[in-house]
Structure formats: C-alpha cells, structure tokens
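If you scroll down you'll find the structure; I have some questions about it.
For reference, chains read A, B, C and D in written order, and residue numbers begin at 1 within each chain.
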Amino acid sequence: MSIEIKTAKIEPIRNTYAHIVRRFGDKPASRYQEATYDVAANTNFHYKPLWDQEHDLNDPSRTAIAMEDWYAFKDPRQFYYGTYVQNRASMQEKAEGNFSFFEKRRLGDALPDVVRDRCITFMLPLRHVEQAANLNNMYCSSNANFCTALSQAAIFEGMDRLGTAQYYSRVGLALDGNTGSSLIAAKEDWMNNPAWQGVRAYCEKTLTVKDWFETFIAQNLVFDTLANDLYFRQFDAWLTENGGQDIVMLTDFMQVRATETQRWADSIIKTAAKESEANADHIRSWISSWRIHAQAALEPLATAMLSETALPEAFAALEKRLTKIGVGE
Amino acid sequence: MAVKALQEGYHGEFKDSAEKFGGAIVVYIGWDKHLWFCSPKAFPLDPNMPFGAVVENVLPAGFGAHPQFAEIDWDKVEWSLNQQPFTPDMEKSLAEQGFDHKCLLRMKTPGLDGLHGASI
Amino acid sequence: MSRVQIGLQDNDESRYIVAAIEEDNPTAIVHYEPALIRIENEGHLQINRESVSEQMGMDWDVQSIHVNLVTLTGNIDEDDDYFRIEWAN
Amino acid sequence: MEAKKLNVKEKYRLLTRDLDWEFSYEDRKEAFPYEEFEGIKITDWSKWEDPFRLTMDAYWKYQAEKEKKLYAIYDAFAQNNGHLNVSDARYVNALKIFLTAISPAEYAAHNGFAFTGRQLGGIGARIAAQMQSIDELRHIQTQIHAMSHYNKHFEGFDEFSHMHDRVWYLSVPKSFFDDARSSGPFEYIVAISFAFEYVLTNLLFVPFMSGAAYNGDMATVTFGFSAQSDEARHMTLGLEIIKFLLEQHEDNVPIVQKWIDKWLWRGYRLLSVVAMMMDYMLPQKFMSWKEAWELYFEDAGGALFRDLERYGIKMPACAELIAKEKDHLSHQTWWTFYTFGHAAAFHTWTPSAEEMDWLSEKYPDSFDKWYRPRFEMAAELAEKGERFYSEGLPQLCQTCQIPMFYTECGDDRPDDTCYRSTHYQGERFHFCSDHCKDIFEDEPEKYVHAWLPVHQIFQGNCGGADLADVMKYYKLNDGAVNADYMGSSDEQRWKALKGIA
C-alpha cells in the first residue's frame, strides 16, 4: 500500500518543541503540554508599566507566594482553550435543555410562592457575587501572566463565573416571564437588604486586594467553599423539601461546574503550600483573616435564608476542605 | 510632553548608558549610497583608539565585502560626525576628536556612489 | 459614500449567506478569493435572518454568523433579525 | 403566565450590563485604580454600546463549533502528512516567522486584555475585553498546535518560546506589545483594539491566509480564518471604544488622536515583516503588499477615517509616508533579512527570475530601478559560492527596534538612509523616522528602558561577542536553522521527500 511506503520515508526529525522536551523528555507531547508550558514571556521586558513602576510587566513578585518553577501548578482537567470551550459547550447544551424544559412546561407557574420569593431574595443576588468572582479571577489571570498554566486556568474560571452570573439571571427571567422584574427586585436586595450587605461588603473588599494569590484564597477557597455548601447542599435541600426541586434543575450547571473547578483550586493551593513553609504561612494567614470576614459577611444571609446552624455547617465543610489540602489549623 | 504615569517619579532605566559598555563607546557607522549594507552598523569601540585604527580595522570588517571598498581613496572621503562635517586626524584618538557614546559617523565616497546606478 | 465590506470563509454555509446577501443587496459585488468570499457594497450591507433561513431551508441564528465571518469594515448593528454594517459618511 | 419574547439587545442588557453595582463599602477607585491617570474622562459608562452581544452560553457554543472543525483539520493534516502538499519548502519559512514573531504576541494580547478586562470600570467594555482576552489565548494555542506538525519536519520552530525573549528581530513584536501592555488600560485598548485590530489586522491575516491557501497549506488557512472570525468581533470592539471615548468628553479627542497616530505607526512598522512574507516568501504569489495596503488600508481605512471626522479625528500624518514607502518596504525588509540571514532562525534566498518579473510588474516604479540589480548581484555571488552575509551588527531604531534600513522615501530619495536623532538627559538616541522620534520624545521616560538586542550583545548580556556565542544564547542550532535556503537541511529533506534530485 502506498501509505506504508510514504510513512516509511517521512520520519519526523523531532517529537515536540524544545522547551517541552526539556521538561518532559523527547517524546510526543499532549496538546495541553504544547499549549501551556513556557508560552508566557519571562525575561528581557522592554518598558516599565506606567501603572506599576515597581515591577516588570510579567513579574512573579506581584504576590508573596514564591515558587522555584511556577509550572509546578497544574490544571487537573488539563484544559487548554479548545478542550475548555468544548467541555463548556456540552454543559451549556444540557443547561439549555433544562431551561427550555422548565419554560415549556411552565414549571415556574407551579412553584410555591415561598420558593419563588426565596429564590428571588436569596439566590438571584448571586449574579452580583459571580460578577465579583469574574473580576477576581480576571485579576489572577492578568497578574499570573508569567505562567500560562495559571493565567489560562484563571481566565477559564473568570469566564465561567460570568457565565454563571448569566445563568442566575436567566433563572430570574424564567421566574418572571422575561420581564426582568425579579432581577430588579434581587438587585434591590443586593443593594439594601441587610441580609446581603455583609456579602456585598466582602465582595467589594476582595476587589481591592493587591496580592493576587490572596484574591484567589479569598474568592476561590474561602468564599466559594462556604457559599457552595450553603447553596448547593443546604439551600438545595430546602428547595427540594419545599416543592422547589424544579429550580434545582436550573442550577445544575453551576453545581457541576463548582465541583469540577474545586479540584483545580485545591491543586493550586496544595502545590503552593507544599513548596515552602513561607508559602504555607502566607496561605494560612490569608485564610484566617478571610474566614473572619466571611463569618461576618455570611452570618446574616445564612440565618435569614436557612437557619442559625447553616453557617457553622458550612464552616465545617471549609474545615474539611482545608484539612484535605493541607492548610488546616 | 512628558509621560503620564500612575505614580510620581516614573522613570525607566537608561538601558544603554555609557557605563554599561565596559569602557567602550558605541559608534554607528554608515556608508552613504551603499545599500548593499542594509543599514548603518554599530560597533563598540575603545574611545582611546586612534581614528586611523577605525579605518584600518573597523571599516574593513564592517564594509570590506563591498567591491568598491578597496577603491576608496581615504583622502577624498567626506566624513560627518553626528551630522556635522568632520575632518579626522588619523593619529588622534576618537575621544579627542569628539566621538562620544552612541555617536554617528557617516562617510561619503565621491565617485564611488554604489553600483548599477542603484546605490548598491 | 464609502464602501463597506465583509469577508466569509468559503464553505457551504457561507454560500447560503452570500446568496441571501445578493438577493437583499442588489448592488453588492462578490469576490471569490482563495478560501475567502469577500463582498463589497457602497454605504451598507445587510444580512437578514429571514433571507438566510429561506436559503437554508431552516432557521438561521444571526449570531452564528460569527462562525464563518472573517473580516468586515463599517459600523455594526446586530439584532435578532439582521446583521448590518454601514458607514455614516 | 406567557413569557415575554426578549430580543438580543434586551436579553444582553438584563444578563450582563445589570450585573454591576455602585459600591457602598469600599472606594470604587481602589478596585479600579488605573482609570484616571491617562487623562481620559469618562462621564457615563452606561452610554457604552455593546458592539456584539454574545453571552457566555452562545460564546461556548460557537467557539466550540469552530474549535471542533479546526482540530479535525489538524488531525487530518498530521495523519496525511499535509506538509508534503505545500508548494515548496521555502514557504515554510513564512510559518517560522509567524510562530516566532506573531504567536507570542497573541499571548501578550491575551494578557493585555485580561488586564483591561479587569481594570475598565464599565462592565460592557470590560466583558468585551475579557472575551477578547480568552480569544487571544485561543489564537496562540491554535497556532502552536497548527505548527506542531511542521515542527516535526522542519527546523526553526522548536525554540519559539526561548527565542521570543531574546532574538534580535523578535524584539520588534515583543517591544510593540510590551509598549501597549505597559500603557494604561485606555491606551492599551486604543492601541490594540483600534489601531492594530481594526485598522491593520486585515493586512496581517487576510492576505497571508489567502497566500497560505495558494501555497497548499490547509492547516494555516484554517487556523488563520478561524482566528480571523474572532477578529471580526475584536475589530468591532476597536471601533466602539474609539467612538465611546470621543463621545464621552471633548478633552479625550487630542489624547485619542495622539494614540492613533502613535499606534498606527507602531503597527505599520511591525507589519514590515508581513510585507516581506507576502512579496518574497510565498512561492505561489497571491497579492502584493502594495495591493494589500491599498485595499485594506487606503480604501477601507480611508472610509473609516472619513467616518471619524465628525468627532474631530484626522487621518494620522504618517499615512502619507506609508503611502510612499509602500513601493519599497518589502524589498528593503527582505534585503535586511537576506544579508543578516546567518543570524536568523529561518532561511532566506534571492528571488527567482520569474519572481523578479512578478515584483517588477507589481512594483513598476521601484523594483527594477532599485532592487532588481541588488538581488541579481546577490544571486550571482551565491552562484559562485560567495553568498553574501553582512558582518557585524546593525544600528537599531530606539523606538521600533528595527535595523535602520528605511530610506528617505518621504523625500523621494529612496537611496538615502533615514537618520534621525535626539538628546535626552545627556544621551543621544537614534531613530529610523520622524514618527519613531516623535513617539520617543513624547515619553522618553519610558523608551530609554527599551531592551535593544544589539546593545545588549555589546554589554555582554547575550552569551558573548561572537555570533556563535549569541546563537547559543538564542538556542539556535547554527548551520541548521539559519542561512540560505539553498543547501539547508530543510531543502535536502524536502528534495528527498519529493524525489527531486
């Protein structure tokens, strides 16, 4: 067969790019490896940033965390752009199916008022929380610009959080028949309801943090762990008990995504803490200061939405996670 | 105009200031109408070297590949230093004749105006 | 009047879009270049959802133009029913 | 309750624009600290018009569709050894330049838009920037993957990452993006979204990708046009940001004009290498640089600037010089690389007789008079085994960092090198043009910090003073990646594969 003759002559002269060979040996590389490792520039920059004359353009010293090799950070999902968008596209297709089922069957009409009201007051304002999470992860991406493994995973997280904010908004539209009235009501809660003011203050505060690794801890570890437990376990259970199980279908995307992304966040923190005592100390001290903020922020919300035991339960989930990744007390 | 930066006192490092060249000065040399050499060239030179050494060593290395180089009558070359007419003294050092860091030396060779009427 | 132009990847889907453009913009000029279909018109060009859907024989979502779009010049106005580019001058 | 039908505009407003809120607990300036120092005045972000209204679900859906198509072609290309179908192995050298010079710039753009996508105060503009940021990540990754197969069969691709931070000619694209990224968020977005994406990007992608199609390179055509489908969105963002800034406050007009002037010129200088690729590196020629400039800049760009006149924006003055340089640009650039081909990571050659005839036809006013004799002389020497390489190192322009090869085209003296210089704090600085000099003089505090490769070599920061040392520092395999195409290992392998004696 002609194909065999051809392949016999066409021997490759190398298997992959030289920087990939230096890291992994001279063998065929995965698309994730070629798309990720050593892509970012790391030396000989031309100008000082007009907005930060103390640092180079791509500068690892914008965080207190120090690493011998920043590419020690891995994304367990091995997402590069192509695999990321294809994965999310299939998730959105499923979400789209759920929304259209919900809308076609007019499941919103059948919801008990108490479920609808609680969703508007307590769930829809999460779209603003997610907007802060979007910005915080963009902050991580743009500051971790010296390491593609980090900058890409952080922008995926950032775009995910925008998508999540938009899905929460669509829950609102599904509840109010596309008038937007539920979103207006939820924003009113976000701005003025005492139950939400702590969370809003927390979000605003995270947006002023300078060290991007601290931002990461405040957002993706401390806040998300607590909020995920409050919403995806406890509030879900409440919804199911109170005739709101159809809403759970609409938040399926958010839950699946949050679980998946947690593995990535865990691996980042674990790797940084394992690198050195100094890193572990920074991480522990950020955790301890942000958990105090989080306690104050979430207490009124958790109590109003669920009960007085809700937040302690969420903190137990946080403890468990911290222990698992080796930064517990 | 001056730069607008977030904080006061913004200033980049002078990446090519004289002291960074280990005592050498950078001298740029261009040969007019000889575009065989796409651009002027840069040379790190000892400011204490006599101008004659530039003619004897530096120029042949940089421009000797051109067929007209061998025909140059060095007495007839029209020099300019930093865009001012300049009459070199072969014995005197560069520094003594006003060569400083990142200066530009151009030479015109009347009668040798490149090849093929195309300033090659 | 200034010319606007739009470029689409030369593939099957684009051919329906081009047919719809030609129908709705009679003065448009279509150039077939390697792998690229470039369409020019004076002042403006409009792509209508209905016309493309008609050509394809199925519903066409205006936003899906981004899959085949290669380039354009002019100010964009995009809505559910149309995608329009034009110059104000 | 019957659900109301939402149109795209309303839906986008509800899903996206309303996510933002007024701060009560922190000073908003602490969260968005870079919005004011450039002097841009924003009175009302809500006036921002979203140029396109993609929500994330639609973004994932359409982008996944594009990626699926693209990677299917990559797989087929690799399985079928698609590199054997290119017109000639000389063509592959254009791809080497693409991967080493353009692709890393995509990553820089990804980062710059992540920065603006975090720092702009208005949510509409911010999200548009974020989408562009992730798109740019797509571009570098799809380019790395497209070139992955070529890397297995040709020299000059494998060290692209190491090269980008070091090699002399790659400081041109790197400094361009470093310049934009070290600017504030508004200058960045005007520089890249408007001047580069809107005004110039067609000149990079469209002719080059059509050229790839002409030369049988389906992998490149596919990634190029697939990337370009994102560019259409990016270009629109560029135009919207300009209109928005101009409408916000009249004080913005002179600032924006200054940035347009600067970045059109910076971008044009960067495209010198594209001009050369089009005219000299495509064995099957498609369109000359001059024709591309006329079609995509003079025609399309002319319409754009007429549209912007009502805001008081003028066509940048440099356009006049560019129009005069278009007869010379590609020839001078290729000559520079040809003569410094021993220090580059791609091969160079003299154009064949047929190619010279094509160049004469496309450049009737310049090629036969100024450039044909030069290339014929070079070809003759090469024939005799005396291939010409220029000794030593070229003088570089302080701003664009390109060797000072440009001539006084503005003055109709295309055979006189253009020399410009200025003094700043006791030091002399040199430029290739009035425009590069103007850019420096406007912000000397910034441009003194340029990492000029030639000076870095002299300072001993690049491995040594000899070419061999410097090549080692670049991690370039001297004798394999560089010098003339004739006699190169690329040529030998190609001939063996094609059964050419």
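Details
By definition in this document, contacts are C-beta pairs under 8 Å (C-beta built on N, C-alpha and C of every residue); 3 or more make two chains touch, one makes a residue touch a chain.
Everything numeric in this text was worked out from a predicted model, so none of it was measured.
Traced through touching neighbours, the fewest hops from chain B to chain C number 2. Set against one another, C-D and A-B show the most C-beta pairs in contact at C-D.
Averaged Cα coordinates give chain C a centre that lies 27 Å from the centre of chain D. Computed centre separation for the pair chain A/chain B is 57 angstrom, with centres defined by C-alpha atoms. Averaging C-alpha coordinates per chain places the centre of chain A 38 Å away from that of chain C.
The geometric centre of chain B is 31 Å away from that of chain D, both derived from CA atoms. In chain D, 33-34, 37-38, 65, 184, 446-447, 449-451, 456 are the positions where the chain touches two or more neighbouring chains simultaneously. Residue numbers of chain B whose C-beta contacts span two or more other chains: 3-6, 10-13. Taken pairwise by the contact criterion, the protein chains fit none of the simple patterns, being neither a path, a ring, a star nor fully connected.
Those chain pairs judged to touch are A-B, A-D, B-D, C-D. By the touch criterion given at the top, residues 1-6, 10-18, 20-22, 24, 26, 28, 30, 32-33, 35-44, 61-62, 64-65, 82-83, 100-104, 106, 114-120 of chain B touch chain D in their complex. Of all residues in chain D, those touching chain B in their complex are 33-34, 37-39, 184, 332, 335-336, 339-340, 369-371, 373-374, 377, 388, 390-396, 403-405, 407, 415-417, 419, 421, 425, 427-430, 441-452, 454-456, 458-460. Taken in their complex, chain D has these residues touching chain A: 1-6, 10, 14-16, 18-27, 30-31, 33-34, 37-38, 55-57, 59-61, 63-65, 67-68, 70-71, 81, 84, 104, 107-108, 110-111, 114-115, 117-118, 123, 127, 130-131, 133-134, 137-138, 140-142, 144-145, 148, 151-155, 157-162, 164-166, 171, 174-175, 178-179, 181-184, 446-447, 449-451, 456, 475, 493, 496-497. On the chain B side of its complex with chain A, the touching residues are 3-7, 9-13.
Those residues of chain A lying in contact with chain D across their complex are 6-7, 9-10, 12-19, 21, 31, 34-35, 38-51, 57-58, 80-82, 85-86, 88-93, 95-96, 103, 106, 108-109, 127-128, 130-131, 134-135, 138-139, 141-142, 145, 148, 151-152, 155-156, 158-160, 162-163, 165-167, 169-170, 173, 177-180, 183, 187, 190-191, 197, 200-201, 204-205, 207-208.
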